[in-house]
């Protein structure tokens, strides 16, 4: 139990690798909305990791700001500018 | 070539973080002095069920005031920049479906009650002013998404926001006057794990909740309505 | 407290982990943007369940709030993208 | 009257979040519910608040919930069968159906229930016409589709919301 | 009660898995949405019911999560499908597309 809850447990490592892969995806996608979808997924994974490491405050803030408000702000920004990266 | 360089940088950063972070233990054993005191005395001093709240709002309450101010400055900056911007393209906008409209008119009060629940129980559950404010702003955002001509009253939002800020500073000054330091916890501590406990903390969280909620709502409504400007 | 037997924990964990991976695959591959959002939508519900389960395994009642807040705000993101497609933002 | 009912509904919601009978919680909840229904114009109570009081509607609501859970289970067995089957037996299409329901809330519940029944998803609502994506089209005309998709729910919802 | 909870947990996670499999296998967005919405809703319903069966004191909060999922999951799928059809993504091997016909005729706003 103690090992599984440490920051180096296999669960946390796997989830971090997943988050890193999605971050790479968000960089390489040319469609900015798809990139913001990937960024939303990163905040989902981050929220799971925080709750797994018993930090519910941080998990809730991440869920509130990362999943909802940031996506909406990205969408409004894309609406006002260009959808595809040149 | 670029990829190899990037990989090298990433590996170097990984080594650096491993090297730097390894000495810090994950747990209670060897904390720095102040953190140790916070964790040992936090529950006793403030009688809050949530230790993080007790640290963020009471010991580090002045920092939280700074954070709220930063958010206020960001919202004012966005409003100012958007009022200057004349570079928008005309946007043709469509109605949302009937189902979304109906469901939004039922979700909107429920989400406001949920946000209020989050920030009133800030000292008992992991929530707090910022999260509750974000939920309330999301309720306003649903109304924007569902109804084309939704306009929250801007003056009411700014009045709420200023009053909440005043309440925060006023509570701090009251603590300075009665307890000897800014934001001192002067109210009776109450019974553990009920709503009226932890002295001044729930009041501050209610103030922060109102402030963040109205600020985020005003920010989102600025961004969306400035996209609407060039409709005609 | 009553804890689960190990085999059941592993079964549930493997099922939910595989489901998350398949949703991620849909996000990576999806030919159109709608496919990616469908993947995100499914992953949101899976995550809500996962957060409730973490609360269950560590036996903390207050963790359920995190799941509810996550559900509210992720739904907001999906609806916002859908309204962007329709041209309503 | 509407304000009172809206306060009551929001207060029940608050008690559901709080899940304790502490008098402090009750007082705070009443205050929050009243304030919220004041600033949102008590939309949650609906146009005719007296409808909430009829016991017949609540009884039919219970029946509807049972029927809904049964349909939900069937829907998932159906989806599971189609997903596991190696050749994916699907024949999708979008059909029209007509509904007799008038009030917006009834249409909302009907559309949500249709989304949860076997193989159908509501795509759009336009007046009394619903456009349904059907994963296994059995009949292309309006009558067959209406009979297959809508009628099971309509007889409960008509009593509950109309 | 504990046995019931365990069975519910297994059923719920199995259906979550099956719906994600449907997300992977189905040919186009509309059919993927069919699998994605129904399977995840049912899976979440049963998993949380299982947790509630094992921790009866969590009943009300779990009930609010279930009601929220049952209300919003169909809504988001409906909004997304309507927007996708409006964007012009075609159906794979369609039998009939009455919505597109009505859009052509001008009954529904395009």
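To keep things simple, chains are lettered A, B, C, D and E as they appear, and every chain counts its residues starting from 1.
Here is the rule we use: contacts are C-beta pairs under 8 Å (C-beta built on N, C-alpha and C of every residue); 3 or more make two chains touch, one makes a residue touch a chain.
Note that the structure is predicted; figures quoted are calculated from it, not measured.
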{"item": "Set of chains whose contacts include both chain E and chain B", "value": "C, D"}
{"item": "Chain-contact steps, minimal, separating chain D from chain A", "value": "2"}
{"item": "Chain pair with more C-beta contacts, A-C versus B-D", "value": "A-C"}
{"item": "Nearest-to-centre chain - CA centroid comparison", "value": "C"}
{"item": "Far-end chain from chain A, centres as C-alpha averages", "value": "D"}
{"item": "Centre-of-Cα separation between chain E and chain C, whole angstrom", "value": "12"}
{"item": "Inter-centroid spacing, chain B versus chain A (mean Cα positions, whole Å)", "value": "19"}
{"item": "Chain centre separation in whole Å, for chain C relative to chain B (CA means)", "value": "23"}
{"item": "Junction residues of chain B, two or more chains touched", "value": "91, 94-97, 99-100, 103, 114, 126-127, 131, 134-135, 138, 141, 224, 227"}
{"item": "Residues within chain A bordering two or more other chains", "value": "56, 59-60, 64, 68-69, 72, 76, 79"}
{"item": "Residues within chain D bordering two or more other chains", "value": "13, 17, 111-112, 122, 124"}
{"item": "In contact (per the touch rule at the top): chain pairs", "value": "A-B, A-C, B-C, B-D, B-E, C-E, D-E"}
{"item": "In the complex, chain E residues that touch chain B", "value": "71, 75, 78-79, 82, 86, 109"}
{"item": "Contacting residues of chain E [partner chain C, same complex]", "value": "2, 6, 9-10, 12-14, 16-17, 19-21, 23-24, 29, 32-33, 36-37, 39-41, 43-44, 47-48, 51, 54-55, 57-58, 61-62, 64-65, 68-69, 72-73, 75-77, 79-80, 82-84, 86-87, 89"}
{"item": "Of all residues in chain C, those that touch chain E in their complex", "value": "2, 4-5, 8, 11-12, 15-16, 18-20, 22-23, 25-26, 32, 34-35, 37-39, 41-42, 45-46, 48-49, 52-53, 56, 61, 64-65, 67-68, 71-72, 75, 78-79, 81-86"}
{"item": "Chain D to chain B touching residues, read off their complex", "value": "6, 10, 13-14, 17-18, 22, 24-25, 28, 32-33, 36-37, 39-40, 42-44, 104-105, 107-108, 111-112, 122, 124-125"}
{"item": "Partner chain A, residues of chain C touching it in the complex", "value": "24, 27-28, 33, 36-37, 40, 43-44, 47, 50-51, 54-55, 58, 60, 62-63, 65-66, 69-70, 72-74, 76-77, 80-81, 84, 89"}
